[in-house]
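First, the structure itself, so that you have it in front of you.
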Amino acid sequence: MHAGIIFFLVILGSVLFHIFTPWYWTDVASNWGGMDDTITLTFWVGGGVFVAVCLFMVYCVFKFSYKEDRKAEYKPEDKKLERILTWTTTLGVAALLAPGLIIWNQFISVPKNAIEIDVMAWQWGWQYRLPGEDGKLGTTQVTNINDNNPFGINLDDPYGKDDVMVQTDVINLENNRPVKILLRSVDVLHNWYVPQFRAKMDAVPGIVTYYWFEPNKTGEYEVLCAEYCGVGHYAMRGGVVVQDNQDYENWLQEQETFSDLMAKQKLLETGETKLAKK
Amino acid sequence: MSEDYNDNKTIQAQSSETISGSGSGVSPDIDYVRPAEIPEQDLYHGHSFITKWVFCQDAKVIGVQYFLLATFTGIIGLILSWLMRLQLGFPELASFMTAEHYYQFVTMHGMIMVVYFLTALFLGGFGNFLIPLMVGARDMVFPYLNMVSFWMFFIAVGVLLASFFVPGGPTGSGWTLYPPQAILEGTPGSGMGIMLMCISLILFVAGFTMGGLNYLITVLQARTRGMTLMRMPLTVWGIFTATVLAMLAFPALLVGALMMSLDNILGTSFFMPTILKAGEVLEYGGGSPILFQHLFWFFGHPEVYIVALPAFGIISDLISVHARKNIFGYRMMVWAIVGIGALSFFVWAHHMYVSGMNPWFGFFFATTTLIIAVPTAMKVYNWILTLWRGNIRLNTVMLWCLGFIVTFVNGGITGIFLGNVTVDVPLSDTYFVIAHFHMVMGIAPLMVIMGAVYHWFPLVAGRFLDEKLGKWHFWLTFLGAYSIYFPMHYLGFIGVPRRYFEMYDSPYMTSAVGMNEFISMAAFIVGAAQFILIYNIIRALKIGKPSGHNPWKACSLEWLTPSVPPEHGNWGERLPVVHRWAYDYSVPGAKEDFITQTTPPSDVANTEVEKT
Amino acid sequence: MSDPKIEGYEFKPGFKGMAQDTGSDQTMFKGVHWGKAMMWIFLLSDTFIFSCFLISYMKGRGSTLIDWPNPSEVFGLHVFGVDVPLLLIAIMTFVLITSSGTMALAVKYGYEKNKKMCGWLILATAIGGLTFVGMQAFEWSKLIHEGVRPWENPFGAPQFGSFFFMITGFHGTHVSIGVIFLFIYAYKTFKGHYDEGKRGWFTSIKGDYVEIEILGLYWHFVDLVWVFIFAFFYLW
Amino acid sequence: MSEIKKQEQTTTHKIGIYLWIWGLLFVLSFFSYMVDWYQFQGLLRWSLILLFMFLKAGLIMAFFMHLFWERYALVNVLLWPMTAIGCFIFLMVAEFEYTVFTRLFYFVVGG
């Protein structure tokens, strides 16, 4: 008997914990509120099943605990009941699956007006690159990366010249404008993850992966690395600042482009050679 | 067919015994079971201590050996988890621990628990002990190979543990061993550690293959007379299907481990693209890290079911015996096990939704994954429907079963979160995943193991384990484990990523500190509670209550051996003949509330027993 | 092979028979020796190993941007002043198929208890296998001489060498193990172990000619794998 | 038991069938070698390679490994697991195409 009561309290405790928990998700700050909705839906359906199954179990424990004179029912199968249960479950599962697939379809199809951002990850840090006037990012190679070319942009690619380089781990985004995050890693797996935006994707060396979202709350957010990447994994943080249009434009103006950098580099080099000649 | 094992006398003896128990005036041919088609197995009987207890060919002894060694590695895994929880809950007390240590402990804990503890325990331990007894065989079909299998496992464990003592320590790349980080500087144990891990896994796979062939052929080809597949206890079904999965899934792990070793030693680029490290381009290029993930999870997902299916099977038997009721919907249960097993080969990439694989795979794998939820749910329904109108003995074994149902349903439901591709995106790589898989393939199978230990200990030792200690053990473990993993899901909702050595002080993560302290406390208690079992076993071996024959009044064959504990060869002079399934409990009209599998139909002609 | 006779059991053909066999007691594979069933299941597992190798090879070859070397040229031989593509590989294929044929006949004669024929055919198979391994060693040394290494090669994508050495090496290991067992079995056949049911050296299982069929299954499997390697690695 | 033994002895196959299959295997191997010799390219090459490969594999399995004469219970147990491999192959084809696409697009072609 005590067992039944304790199990009942466990179930009750779980439900109460869920209702009163101070630990729950942060407010969503992107267009992926739909993910929260699917979670909530799954919670209701799944939680309902969990509570129902466990309460039924507790009921059985109370009702049918051992008595010398009782004989259990002998009924190997009940075709009808099994069929009903199978089909209800199938329907429930399908109802959970369908919204999931619909939102996944949105997740992998990026809107046309999304701004592409190259997120480059290494052990253990981030840096970012935005397309310049032409709206396109230049191609890259890991082997091109050096002090003069921190992103490894292919020098013969015309699209790369005006790329805006953000060589810090904080990136600014424009509010209400979709961004396509292009993830790239130069060494091991990483994952650019902002809990408030919900979405995440691994950065895999050797290929470029992507996902998109549309920030819809201004503010500052912390970027976490969500794929184990070596001993520095837990300390691999970055930042995102979501700004309104005007602030964002101002910030963008201050950033350096690749051609700026090359020009500066050239100046520096000529200066050095002049110095050496003197 | 051959005369290898031919012992004509025994065959004659068996063939002549086609009609048994033809008394009581009933027509004798309802008891007819066709004669033996397999000759009697000739066994090698050990004489010395070494051949009897060390290099022993008796499956039961090998099972116990597997059990003990797996438990030993499991305790190491447990201690590692304590260290991890110490760091997460009370970092100020764990100042001796660096991030390197932490990641090494995480990795070794994961690998030990999944492969060297759970897999070895369920298939090697319970499989060896129970399969021959439950299908009515004298032993496994290839006893010598079976012995070699255990000793390969022994060497594999040795190699694994040796990695603690090599320069650089064991690998710290997470139990998934993802390249490139697994073999690059910056990850602990990227030299010798990962090498030894790969070697150990390859040895484990080789050893397991030998054992697995034994289990499969014993079930398929060495059943006793009257034992059809559809009369086997679900325990055998679970272990059998899990073994099939293992035979087909371990190859992928073997190939992955081999290729990664080559990347590591020879500098090939199977999984290694061009890599820039510390300003230098390494001599790799063109490889694909995602390929390893596919290989790993092609093994890894069936591996989940390699652990889960034996647990499903065993729990069905335990519930049925202790609820004094037949398992509800036996055929559904069998087909669910087989179906889950088959489907498990088509769902692997649901572990990789955010890995950067081809995004279209999301649709395929979400669908196949959620299809698996249906047979799994059916199994849950059938377990609780078995309790319904039963006559439930609320002993320790039943408590573990109930604990299993609660934790498994909980973990199964969160599995639907993670299998459904969109829901997975915010939750993957967070503590939600940790909580989910610990609940569903850590705690739930552990409940089954414990229940099985309390259930079958009388068969192994001829004595009962102490009920009172058992109940303490159960409640501490169940309540403790539940309060570890249930709240942990909510850390995942907050967005706390897994494999973080320290949380730092992100505003929304500070609230996790308190919970982490609580979880760590619970983890210490649960871990310590396991030593109650060890004490209980030692105590029972000395002063436990003798159990006698068939103490639980079970129907299945393993309790019907002429001697308890069973001797080498299991069945004495004559193999048992089976007439029914293993679940004839509480048959209306029967004298007792159980009819054993060997009871001939003529003995129970006046009852309403169903034909199986 | 018509069905064995089993007292009290009536065989049905086709899928009906499958359902009946599966639903029957004692054995599922009627009349199949334990060892033979074991070898089949083992080969199934081994098939998965080779499949994983070949799938990895496909993925690796498909996703590299560097040109894959033309196997026809790389594995060509220069004999009598002409370049013959894949000559050595072709010979190796023929040798392996020859040995597979002799093995099949050995199994047949084994079941007929024709000790002498069986023994000589196994020996011929072993020699075929040995020739194959020898030629593979020659091929390896030739490629290594030309600068092909597991981590690089002068012809193109570095994965070419990696996969080549790994897959043919793994297959070669299978062949070598097979050759060792073939020699042992030839010895045991000539000694008459299978006629008199002498117990094995380690396992103490009594000898029987079915063991030759079991070894035969393994050997044919090795040949089977070579068919796939030949098609995918050398011809593709 | 002894009856089973006798049964098996009388049912070994005629030597002719083995020689036939042996010969066919040589011929097929020769054909597949010819595919390379004549340097067929493109779809023709691949379909011929696959055709000869499957024919050879089928012959070896069916006759040398006696699968043709085995009961369906065994044959089906052996062949059904191959669907998992088939699925793996199919998906890995999609995967390498995706990999090579991202590599070409972001590292070489651009735009």
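A, B, C and D label the chains in the order they appear, each numbered from 1.
Throughout what follows, contacts are C-beta pairs under 8 Å (C-beta built on N, C-alpha and C of every residue); 3 or more make two chains touch, one makes a residue touch a chain.
Keep in mind the model is a prediction, meaning the values are calculated, not measured.
Asker: Consider the two chain pairs A-D and C-D; indicate the one with the greater count of contacting C-beta pairs.
Answerer: C-D
Asker: Rounded to the nearest whole Å, what is the centre-to-centre distance of chain C and chain D, using the mean of the C-alpha atoms as each centre?
Answerer: 13
Asker: Please compute the C-alpha centroid of chain A, do the same for chain D, then give the distance between them in whole Å.
Answerer: 43
Asker: I'd like the Å distance between the centres of chain B and chain D, where a centre is the mean of that chain's Cα atoms.
Answerer: 35
Asker: Distance between chain A and chain C based on Cα centroids, please, to the nearest Å.
Answerer: 48
Asker: Going through chain D residue by residue, note those that touch at least 2 other chains and give them in order.
Answerer: Within chain D, the residues that touch at least two other chains are 4, 8, 81, 88, 92, 95-97, 99, 103, 107-108.
Asker: Among all residues of chain C, which ones touch two or more of the remaining chains?
Answerer: Counting only residues that touch two or more other chains, chain C contributes 4, 6, 22, 28-32, 37, 44, 48, 51-52, 59, 63-65.
Asker: Could you list the positions in chain A whose residues touch two or more of the other chains?
Answerer: 141, 206-207, 209
Asker: Touching pairs of chains, all of them, please.
Answerer: A-B, A-D, B-C, B-D, C-D
Asker: For the complex, which residues does chain D have touching chain B?
Answerer: Against chain B, the touching part of chain D is residues 1, 4-5, 8, 81, 84, 87-88, 91-92, 94-99.
Asker: For chain D, which residues are in contact with chain C within the complex?
Answerer: So the residues of chain D in touch with chain C come to 3-4, 7-9, 11-13, 15, 18-19, 21-22, 25-26, 29, 32-33, 35-37, 39, 45-46, 49-50, 52-53, 56-57, 60-61, 63-66, 69-74, 76-78, 81-82, 85, 88-89, 92-93, 95-97, 99-100, 103-104, 107-108.
Asker: For chain A, which residues count as touching chain D in their complex?
Answerer: Residues 136-141, 154, 157, 159, 182, 184, 206-209.
Asker: Using the touch rule from the top, collect the residues of chain A that touch chain B in their complex.
Answerer: 1, 3, 6-7, 10-11, 14, 17, 21-26, 32, 34-36, 38-39, 42, 46-47, 49-50, 53-54, 56-57, 60-61, 64-67, 70-78, 81-82, 85-86, 89-90, 93-94, 96-97, 99-101, 103-105, 107-108, 122-123, 141-143, 145, 183, 186-189, 191, 193, 195-196, 198-207, 209, 222, 224-235, 237
Asker: Quick check on the complex: what are the chain B residues that touch chain D?
Answerer: Residues of chain B touching chain D: 1-3, 6, 8, 11, 39, 248, 288, 290-291, 294, 298, 345-346, 349, 357-358, 360-361, 364.
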